[in-house]
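Listed after this line are the structures, all set down as structure tokens.
One chain, chain A, appears in both complexes that follow, with chain B as partner in the first and chain C in the second.
== the complex of A and B ==
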């Protein structure tokens, strides 16, 4: 049986959550008050996390597909599990596409995006093939590198004089309404995506550390994301941060430290590379693991190739990056994600709670 | 019927026939009571080999007893044979011969042969293995039992300074080709009855002795059993070096990374054993295997523990950086000059590009060319006779370095990169991990030349995932970083002072983890107590 330690779990949560979220300016609708929306969504996300943790705590070592089957009934449960698998694959495909476009616009402008995404999917497939334990360990090694880099980046932001506090003032100029309007989409992306750990918590070496480690890691990510969000606004100003396709990269380009630290954007692209890789792979892995659980096989490897092919070709469905982002922000986050991140887990929670009550009586 | 049977065998299965042929000399045959027929049998099976010595003599026992001493020249200690076998046989004292009850065999066994290791031999396979391991066989007329007396010796390399793993401070002893000497070197360092040793013979033709040594109570019993299992499964005719054993028992074959460590230094092997590693000694090679091993162990030198901890911490970190450099430098150069020129400061970029102006090849080709050249130089440096060494260095340094740059074939920057890479590759204390970097370097250069930094990152990630999936006898290869074990961090990238390293590294050791303080001895005691309790239970 594969087992993951608490350090690996924390590392995965941090890298996964920071992942693609640092690619976008979250809560751009709230303009310069985006960071307030961030904090509100962060708190709402904590509630969701509590819900996921409760469900997980009730189920012990039972895997996700079996949990669904047990509470939704055999047929409906299977259907829901299959839907989750598909949803995970879709999330993975979104990250693969993000990755492809990031690379094609920054590093490899002459290389076809299909080839870049092929390399990524092969790499992810390799990690997925190696299994849960190996991938979590790999991320455990990456965390110090990525974490150190993000901290360095934030320190550099403060060290160079690009941060201008007047760009986030006045606070709440247009009242609370636009701030609140921006919250739901941030809850769905990235905080609600913690739903994926419903699959992986059961692999923990010792289930007792799961809630504590998960919440701590979640708090760390929320803090990092909020700081980056504020930095983006303070460097670029709300309007530019809102329309820039890669705000973090844009912000980094604005700063110069000494004579030689002028061009660290390649370094930032590498950071985004790692974060997106981790995220795309974890979604891919969860999709494959759920399929394995549905097929009642302990070895999920048979599904690596089919899922990989599906994700790869699905990433070509959208004609261009603009469309991809629009679908992501307008359609997926508000129409698809709530089902899997809120509705279905809430239903599950309700069933579990009712059953528990009945059994007590 | 018999003929059909033979036809069937030889016709259908050549493999079986071949095996039989190979084992033919080892087919058991009882010794006869006639001295001459036994001698003839040995001669026939050895094909009259001239290094086989038959010393026939008539001992003045009773009415004269015909005896033959048989041994293989060169692998025996001639003095010992003369003094303890031939002399007492020829000139037995009166009281030795006085009471010949029990026949000549018992007389020789009990009174005449003054040798410590002695055994009775009645069948040919035993006789041959004794003969070939340096024992002297004493055949007696009228007796179907022979005596094998331990007389092995002969010239072997004495204990010298190890050639491959040099240190400034620390023991200057190195293992030799003799397994007995090697085991004694370890015994002298670990004077504990808990240092256990299991010996088996592997290799149907070479009959090589392979010993497993470990510290009972510290080494993980499961790993010891697993190593024993894997050794027992080896079915080959020859073991000439510990490398053979390594390839037979290692966990992963398709990897450039070694999952078993080897050392020529008894102090390093002893340190490994004390941390719960298991040593595998192979006769005929000074390289002792240590398993299980983690990736980071390959960057630790035994000297790290002899010098000051702060300095060695610095040197250790430098080794890791050098390893990464030796793997990445050329590919980074290729990626930056081909794809990411904007990363360089402008002045440096201008000077680099000015150098490359006259170079006709893309950076990828240039790098591959120079790296290959260097690999050839290095291989030549190892194989060439000493006398022409200076010629190689002249050709290498002047012709391939300076002249190639002047001729405009390569840029000066590339020469610097390749030289630095080459030097940093020699920093790793273990050569087998350095070789892994050497091989991966070419893959990464190729990726850098085609996909730039993206390719390098993808390559590095693939390597990382691969390493995270490796295991060495059940221990994850990247322990204690992935999986992360906080307690083991004292001796990975840094080395803390000795008095802080109270515990042995986890995962290697499951019991008796403490190595300092009184509890270390207490743990040994409790283990013994537990064992005696278990014995009493049934």
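== the complex of A and C ==
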């Protein structure tokens, strides 16, 4: 049986959550108050995390597909688990496409995107083939590198005089309404994506450390993301941060320290690549693991290739990056994600709670 | 069989991961250091200053002889900027490389007629050029600026960047405007963007010759000129050097500056002293009552006395007080000059609108639309505190000793 340690779990949560979120200006609709929306969504996400952790706590070592089957009944449970697997594959495909387009706009402008994505999916497929334990340990190795880089980046932002505090003033100019409007989509992306750990918590070496480690790691990511969000606005100003397709990259490019340190954007692109790889792979892995659980096989490896092919070809469905982003923001985040991140877990929680009450009586 | 498959896969990886699809050979690039944008016959005319690597290398070794120009300049024309730039390949043997582009010179004609939005859009969208490029204006054709050689730097575009840096830190009346900042100014609704002008002073026909570098005094040099003020994205007016020092005072951009001031109100103008500002802080507070808008500017400057032609006894504290009073008056005059001009132009180059926005977010909603029209009615109240901290290596004025 594969097992995950404390540190590996924390590392995965941090890399996964920071992941592709630093690509976008989250809460751009709230303009210069985006960071407030961010904090509110962060708090709401904490509630969701509590819900996921509660469900996990009740189920011991039972795997996710079995949990669903047990509470939703055999047929409905299987259907829901299959839907989750598909949802995870979709999320993975989104990250693969993000990766492809990021590469194509920054570094490899002449390389066909199909090739870039092929390399990524092969690499991800290899990690998924190796299984949960190996992938979590890989991320454990990557975390110091990525963590150090992000901290360095934030320090450099403060060291070079690009931060202008007056760019986030006045706070709440148009009242709280626009800020609240931006919250739901941030809850779904990235905070609600913690739902993926419903699959992986059962692999923890000792289940007692799961809640504490998960919440701590979640707090760390929320802080990093909020700081980066504020930095983006203070460097670019809300209008530019809003129109930029890669705000963090733009912000970094504005920075020069002295006359010699500039152009560290290559370094940031590398950071984004790493984060996207981790994210795409974890979604891919979770999709495959759920399929394995549905088939009642301990070995999920048979599903690596079919899922990989599906993800790879699905990533070509969208005609362009604009459409990809549009569908992500307008359709997926608000119409599809809530089902998997809120509605289904809430239904599960309700059933578990009712059953528990009955059995007590 | 399995082994062979693995080998094949590894080999495949080698080919793919080398990234040869996007390979860029250093000796096939032409490194562009400066770009100039003009408008001619309603078309974009782009001009590039390109490094000649061999020329630079030989000069470092030889040191003495000037034989080949370190740079080469050429121009291309097109209906859009990107098209004009692509046309480089018609005459250049190398691929243009923009990542080291230091300055972007926009001609007055382009800035007035076409506006700068499209240029900014192009620079923000393009992945290769940096947002830290300096935005500079020119009154004449922008392309000719790139043709002037500088004796102190091998690469003229670097020289321009350095000239701005020196002006910014030593005089403060003009400063480098990076494209990123320029873009931020343009999108702030109540702020009028500014950009400095660079000009060729001297005899223009001599500017291109490499033989020029053999002389001790150049016949043509580059010099920072006026400050261009924008209305929306179009150049609207120029502020002269005298009018522009006030911008630095009112927008808290004074790093170092020299202020020359008269000895006293009675003495002849010819006798002046100089105050070197070491540090200065400006705090702008808008005060809005029911019918008036006041802008309070609290300036706190201190520094050193740099020279004096006045007949004063500097060992007495009261004479220092007197001098401080004169400095204050001089700064007030400078500020008033800029402010009057800005009011007349109905442009907000100091960012006062932003301050009102921050301090009075509610009232701003009503003011926003007519902010520029309101400017002439706004009263500027300055509150200056100037202190002479030191008087340098001597106390009493030398002039006073000569007279005794």
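The rule is short, and it goes like this: the second predicted complex is superposed on the first by the 361 of 361 C-alpha atoms of A that agree within 3 Å, B and C clash if a C-alpha of one lies under 4 Å from a C-alpha of the other, contacts with A are read in each partner's own complex, and residues count from 1 in each chain.
Everything below uses one rule, namely that a contact is a pair of C-beta atoms (placed from the backbone, for glycine too) under 8 Å apart; a residue touches a chain by one contact, two chains touch by 3 or more.
Since we're looking at a predicted model, the values are computed, not measured.
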First, second, both or neither for A:126, with chain B first and chain C second: first
Partner chain in contact with A:5 - chain B first, chain C second, else both or neither: first
Comparison of chain B and chain C by chain A residues contacted: B
Chain B versus chain C as contact partner of A:135, first or second or both or neither: first
First, second, both or neither for A:108, with chain B first and chain C second: both
Partner chain(s) touched by A:237 [first = chain B, second = chain C, both, neither]: second
Which of chain B and chain C A:253 touches, first, second, both or neither: second
Which of chain B and chain C A:166 touches, first, second, both or neither: second
Overlapping contact positions on chain A, where the chain C interface meets the chain B interface: 107-108, 111, 119, 262-263
Touch list for chain A against partner chain C, complex: 105-112, 115, 119, 166, 169-170, 173, 236-237, 239-240, 244, 250, 253-254, 256, 262-263
Chain A-facing residues of chain B, complex: 339-340, 342-343, 345, 451-455, 457-458, 461-462, 464-466, 468-469, 476, 478, 481-484
Complex contact set, residues of chain C against chain A: 16-17, 19, 21-22, 99, 124, 127, 130-132, 178, 180, 183-184, 187-188, 354, 357-359, 361
List of chain A residues in touch with chain B within their complex: 5, 7-8, 103, 107-108, 111, 116, 119-120, 123, 126-127, 130-131, 134-135, 137-138, 140-142, 259-260, 262-263, 266, 269-270, 273-274, 277
